[in-house]
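Two complexes, one shared chain (chain A), two partners (chain B, chain C).
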Partner chain A sequence: MASLASEDGRAQRPSDHEGFLVHKRFRWLKVALALSIVAGIGYAFADVSPRPNGGTWYGYALGTLGVLLIVWLSLLGIRKRAMTEGRWSLKAWTSAHVYLGLSLVVIGTLHTGFQLGWNVHTLAWALMILVIVSGIYGVVVYATLPEKLSTNRGDMSKKEMIEALGAIDRQLESAAQPLPREESDLVIAALEQDAFRAGVLARLTGRYPGCRTERARAAFAADRDRDEHEERVFGLLQRRCAQLGQIRRQMRLRALLDIWLYVHVPATVALLGALTAHVISVFYYW
Partner chain B sequence: MSFRIRQIQTTATGREIVREREVTGDRLTIGRSAENDVAIPDLAVEQHHVVVSRGEGRALAFEAAGTLGFTLDGRTRTSETVRDGGAELVLGAFRLDFAAGPGEEIEVTVRRMEERESGAGAGTHGFRLTSTWLPGKRPVAWALLIAIFLAFLAVPIWTNLGREPVKPDYRKPGQTAMDASWSTGKLSLAHHGLEDNCEACHVQPFVAVRDGACLTCHEDIGDHSAKPRLSLARGPLSWGDQVQRDIADVFHKPGAGACTDCHTEHEGEGRMQPPAQKFCADCHGSMDKRLKTPLGNAADFGKAHPQFQAAVLTGQGDRTPTRVSLDGNPREFNGLKFPHELHLSASGGVAQMARRLGAGKGYGETLECSDCHRPTADGVRFQPVDMETNCGSCHSLVYDRVGGTFRTLRHGDISQMRADLAAADRVPRRPIASGRKRPGAYSPGGLYYGNFAPPQRASVPLASRMLSTRGVCTECHFPSGDGVMPVVQPKRYIEHGWFDHEAHKREKCTTCHAAPASDSATDVLLPGIKTCRTCHLGESAAKPKIPSTCAMCHSYHPRGDAAPARVGKDADERKSQT
Partner chain C sequence: MAGTEAGIVDVAIVGSGPAGLSAAAHAAAKGMSHILLEKTDHLSDTIFKYQKGKHVMATPAHLVLRADLDFDAGKREAILETWDRQIAEHKVEVMLDADVTAIEGEAGNFTLTLKRGATVKARAVVLAIGTQGNPNLLRLPGADLPHVQYQLDDPTEYIDEHITVIGSGDAGIENALGLAADPAQGNVVTILNRGADFARAKGANVKLLMEAESEGRIFVRRETSPAEVKPGELVLETRDGQESIRCDRIIARTGSKPPRAFVEAAGVGFTSEEREAFPALSPSFESTKPGIYVIGALAGYPLIKHCMNQGYDVIEFLAGNTQLKPADEPILEEKFAPLPGNRSVDEWLALFGRTVVILQELSVLQLRELMIDSRAHFYRKGEVIFERNAPGSSMFAIAQGSVLVEVNPADPSVTVPIGEGSIFGEVGLISGRRRGATIRAAEDTVALEFSRTAALKLIATTPGAARAVNRISIERQLLQMFGSGLTPEDLAEITDAAVVEDKRAGEVVIKEGDDDKDVFVIRRGSMIVEKDIGGHPVFLSYLPAGSYFGEMAVIDGSKRTATVKAAIKSQVVRFPGEAFVKLLDRKPKLREKALADMAGRREVNAFIESRKDSFGDAADYYSQTAKFLVDQGIGEATDVLLIDETLCVGCDNCEKACADSHDGLSRLDREAGKTYAHLHVPTSCRHCEHPHCMADCPPNAIKRGPDGEVFIDETCIGCGNCQRNCPYGVIRMDARPPKKPGLLSWLMFGIGPGPGEASYSWRKKKAEASGREAPKVAIKCDMCSGIEGGPACVRACPTGAAIRVGPERFLAVSQSERGA
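Coming up: the complex of A and B.
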């Protein structure tokens, strides 16, 4: 019996890692869902005239709730710089950030009463949607890409990747010494091209049509009768291509993981600005 | 098989000293110990660290001699084989470059590394997007923030505060720049001219629109009732409304009875939405509790609305109408003897007469309501029935014929009629309608002619006989004094409610007016509220019933004889008809 109990005890031990999405058995998902449903029911039954919008009592209520949520959600940027544990751990905070952020789609849109137009009010709404959509992308890539990143890296660190490329380059340099002018130029061109001088588009797509290493490799491959030196250089170019491939896959995954923040963060700040303008303008012209 | 070892040292002045030697055999040992073929003076390196052995051709096998690994071509390994003799081994601060030399020789160059020496030179931040042209998050955020504050706050507020104080004029655009971005929606059709002139209504910053702003243009708008009476009529607020009111008061929102309570703007193009019936019901729903008033309580047309009160002339000779509920089955005296039942009957003399007059004169098989009742130009009401045009085609007042011309009594002017009759010559003449003539010897002048007709009376009757109880006038009128009682045809029975016949023209008259069953002119043929409710119910009515707010029939601001300033869809319809 005792051994059974201890087995049970081990089986029930919480796992070491629990992602922010499933934190506390989806506590914040439930809170956000409840919030959205209550807002929806209120919208359907609130006695407002002549029709629902931000200027009715229910509209003001939803608007106040929305502003508080937006300000709190944007504070994650400050909060994440201090890691703590427990009930108000960063993980709990992130979990709440994601789910309450999603509930803003319902709260913010009901606040508009579906009256959208070309004005600063709709600008705030549109920025909010942009922030949320980019956030959804962020959650998706954070859930899927780190595993790929780890697979691609294998047992190498980023530093090792760079050093491996450096080692190949130095060997290429010395191996290419006996080569004639034209072939040397191909090798120089390949060596001079910085692997990290890649644009955003190239990084995101993983396509490098201007890769000179690939061009040199193709030129050597086309040479049917390679002598001993050319064979060595060809081998090194192939290794360089493979090493570049790994680095570029790493850069692509990294870029896919990072790019959304370039939308999410500035759009959040712009949203706070538009929200301020929205609130002030509404009461300025009350 | 041999290894050519080239050891390079750099002096303090930067000069390179190269020492070359040869190690024969197919095995090369590397480590800190001096026993090794290549001794590396670095504490991070083990005494015996790596053994390199030659394989087939130029293949080299690197094997860790101790427990620590080594870095070969940038990767940390404990065992590795290279095929072409080219490799780069890093041990501690030293780098050993292996390269295939002439013949079977392998050249090994040993040198101390620079502080940092790697492919891209710098660290690993090149993997991140920060190393691209992509502008940083902070600068973009700041730029957006400043742009938004400038365009949507600074410019409108600056120009608004600095504007010249002028009387609002809807024909001119306002002075505030870029405040169109603040508009929450298009203005209604009536206020469309103010679209570019926000400060016409939004006079003071952070002060909700006041009645004064509306009254600048709507100066003649009448009050529903005197202010104290209005306040008295307003019922106690519900809990929710009271909370709203209290909050609104905190922010100095204009209170109960303000224009903006009922009239909301920026709800989109088109006509203004009619105020909800709640605004009326707040007072009228239970007004008898707070106010002495002849008006019944009304909160919803379908559920809580009193029976209509019609303005009816209840007594003979009355000139001013009395308001009586239709529930009391009121009798009206308008001075006519006119049974609708008789005239609308499908059989009998009237129908026969209509048939005889025929379609050429506009009659059908029977007499129709529209044969006598003609709508007014706007279609809202009906013109008074006119004796000459509506009754005269059957009820002839012809009294004499001279040659081919008929003489008709002057209707509506008794003294004129008397004069006409008194002046008529009374020479016996051929009757207007002669008996049938018989043919041959039975005809006048024939052998067997005989006149069995009643003896001819004087051809023109006397006025006194016409006005007597069995005279032609009293067929329709009541005798009174030396004439008849005047006929009164009220224009409007319901003075404070609006009914538009035009909007109901697809219905038959008899759907609402029980004329075919009315055998007396004293019947008030107005339909009661029950009849209206077959189609019209309160604001919340569901299809197929018609949701009818108070504003459909009533006007808050007194409008006299004019139609209520109804707003919304039905007003559009009415506009297009007139």
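Coming up: the complex of A and C.
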């Protein structure tokens, strides 16, 4: 029927449309695996005495590599925010970050020669593992939650959700005017409550047991014969609950997507500190 | 009246915008007897109506101002104040509330009739009434009562009134929303709509209105029209009969009438029937009606400086100064300086007008204006004028010499000549896509390059130029599409029979099962091909501008095998199938190519057909995604930002990167916009093939750049036309914020607002502290042109959710997503 449309989209997936995990067909996964395997083989065969640890030549090699990696991994925080010109892509950085970061489990641990104890050296190792574990959590949520986030919000932006809530509130306020004192108090209590002021726990679980809107809704639902005014208020309360639910789910997902960075980043800072202490002490007490 | 004999002035100037004011001031300075007639009760109504505090710009910067009044960039209030003062100082004869409704008589003795009944006599008339026109008046009993108004300057002015807004366009809705915005004002606002929905208004406005309605802030009355205005009351015609509502004030916003009818009634001819046409003028601004002169926006010069210069010039001409060089003379001199042969500006203009086919109908004045927006080049023999695949939307004309088109990208020695007087590059102009071939100068050549806007204006206003461009472009497009070995003669039969047709978005061009036999070429816009499978339209493919379709039925005599409809407002060339078949018979190579194309299409058809039972969801899904994308205007996009929401973690790093790469303001709103199947189209420029924003830009500041990006240059005057014209809401008006402290000082010491767009309050505080006032200008995505590495939004996405795609690829994106 037509020309110029012969290019069949099905065959060729646009190459730059890949997530950070698959980036360039797992290039950095391969690099990281190779790095870990080489490190493992080296560990098994390197002739070090009296036993493998950080102080041997092989230990130094692994240690140097580890420090370089850690410093580079930390620089992601800068890269992300420094919008310089150039052919870099943050996606490639994240991809390399994730896989090379994981390879540190092998490299860092082999570097210790499994000599762990209650000292500044092990502190550095433990912090590193903490950063990595939080990172793994991060990757898991990055891989699973965005879709839920998208489904939950539909076409609405945060601003629109808040506006929609505001619109319901204004209607509720006027609809509650004709109600008897007791019932309108329920509505007023619901409206007065700052529906989003909640602790970290509520935010992360999405459970708001003290929600007065829900309480008011339940009270109206229990009322078997609602007159026309009560019916209208009940309907609006249901809408308010639904709208609050959407916003809270959104807040919950965003919190789950963000919370780990509050471990990952401070632990990185602590790690850089511990690492410095570790390196200085090693050279000082040499 | 000063210096009048028998009550007749030398010149009556109608309209007191910058053009009319400047003319009147110069007439006063020269001691010419004159009168300045202004419809409203103040001077310069167009500028008077700018929003309060607007920063008025004085572009083009290199054009000198030649006027007795001062004008420099500054606040609207200051400019109006200056003019008011200087008009008084110059002892200009002004008559306010003087709406001229008719101009009769001949040169030397005109009679101007005012709406309020009086008449004014003048030997010559200068029309400087701008292009705003008059609001459409209500035509019903009582419409002349004082509480009916056609303009709303300040919605906060009214309290505790029952106000009815008539009109369902953006102006009406915005007025209604403004009046109801603050409940404390206590207004009861009603808006009337003759129809059932608000189809003419922007989506965003309609949404706000619906919300206001559901909140009870505005009463929306559908299928209702006004029947009679009474004091304090309005009678409505509703579906269920007549009804009266209380009404203290009526604001009628039912569009405005362009001033053309009035101008034509005075005997002034226009260059064509097109809506965009301007009055036909001589080099001294005289219209086809001797004694009536036209200047300013009405004459096609929409910038204040132009207007003022013309006011000065027209009085000089009237006073008999024939030697006056237009103020743009130095600009043209500079433009023509690189050309060989040491000719004067006038000589060059005469040569262009003589040799270039599309310029032959132009007056010297029009030619001058055209050249201001255009460039003149000199190319040595063999020099490349443009390369294949280079982006570019300008059109060229050969004033001297000739060029060669390299029609075969694989072999540059295969060329087709284009001779003196002809044009090239018109394909980019029509379709907004990349250049189809490399073009070199065949000998030393002088070529004119017209910007897209200038060229479109030329085509719209001069029928001869339109015909010439049309024919040439159809011929060239066919030549280019059907490949090498063809000559214009081979195509003569097709070109002669070809007709250009406009198609509305969604209009069906070919219907599956029909047995008509025409072949089509898409000139602009794009098409969707669909097949009916079990009662559902299944999307087959997307055809961008420059594709042809409809040849299958012709070649194998079958019925139409699929439906083709316009994805967006499009233009196609239709020509008879037999002519095409004849051409194929004569050209075996072309036949082969056509058959190969066809085989590919048929394969897809057969594939879809064979899978029709198992297809169900997947095909539906794909069709729907395709439909969604097309609905989002992607059919007219050349490059669009999409967000794969299965990957987007909502970090907004794209927005931050955008702001940090462009003076601190983000040109994209990630969250806003529609989503379908986790594919999100954020509010961000699509770089349309035919940008709506370019349509009405007084300084021509919106251009298409070297990478196909549509961008706004520094000549923007902040009028907001583009923002209003963009259907996708991607243009914002804002002042460039002051510089932020660097990233490191933020990271280490927390100084400054950090990465991304600074909050409004920070920008405001900082700007106030710096004491410099930055004007609000239009801001939009420029695809990070000039920034190495490309679009910052994509580079800064940590997960790969943000992607930019062109039209050939966007459907593939939706499709491959599901395959994976």
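Here is the rule we go by: the second predicted complex is superposed on the first by the 265 of 286 C-alpha atoms of A that agree within 3 Å, B and C clash if a C-alpha of one lies under 4 Å from a C-alpha of the other, contacts with A are read in each partner's own complex, and residues count from 1 in each chain.
Keep this in mind: contacts are C-beta pairs under 8 Å (C-beta built on N, C-alpha and C of every residue); 3 or more make two chains touch, one makes a residue touch a chain.
None of these values were measured; they are calculated from a predicted model.
By the document's definition of touching, of the two partners only chain C reaches A:90; chain B does not. In the overlay built on the shared chain, the residue A:125 is in contact with neither chain B nor chain C. With both complexes placed on chain A, chain A has more residues touched by B than by the other of chain B and chain C. Once chain A of one complex is fitted onto chain A of the other, the partner contacts of A:198 are limited to chain B, with no touch recorded for chain C. Of the two partner chains, chain C is the only one that A:146 touches; chain B does not reach it.
Within the superposed three-chain model, A:174 lies in touch with chain B and with chain C [touch as defined at top]. Once the two complexes are laid over each other on the shared chain, residue contacts for A:50 go to chain B alone; chain C is not touched. When the two structures are aligned on the shared chain, A:254 is found in touch with chain B and with chain C. In the superposition on chain A, A:20 contacts chain C only, with no contact to chain B.
When the two complexes are overlaid on their common chain A, residue A:284 makes contact with chain B while staying clear of chain C. Comparing the two complexes, residues 155, 158-159, 163, 167, 170-171, 174, 254 of chain A contact chain B in one case and chain C in the other. Within the complex formed with chain B, the chain A residues making contact are 47, 49-51, 53-55, 57, 115, 117-121, 123, 155-156, 158-171, 174-175, 194-196, 198-200, 203, 231-232, 235-236, 239, 247, 250-251, 254-255, 258-259, 261-262, 265-270, 272-274, 276-277, 280-286. Here chain A touches chain C in the complex through residues 1-10, 12-14, 16-20, 23, 78, 80-83, 85-91, 93-94, 142, 145-147, 149-151, 153-155, 157-159, 163, 167, 170-171, 174, 254, 257, going by the rule given at the top. By the touch criterion stated above, chain B contacts chain A in their complex at residues 71, 73-76, 83-84, 86-88, 90, 97, 99-100, 117-120, 123-124, 126-129, 131-134, 137, 140-142, 144-145, 148-149, 152-153, 156-157, 160, 179-186, 198, 202, 205-209, 240, 244, 253, 264, 267-268, 273, 275-276, 278. Of all the residues in chain C, the ones that touch chain A in their complex are 211, 214-216, 481, 529, 540-544, 546-552, 561-562, 564, 594, 597-598, 600-602, 604-605, 644-650, 653, 656-657, 660-661, 669, 671-675, 678, 680, 743, 747, 754-755, 787-790, 792, 794-801, 803, 805, 808-809, 811-813, 815-816, 819-820.
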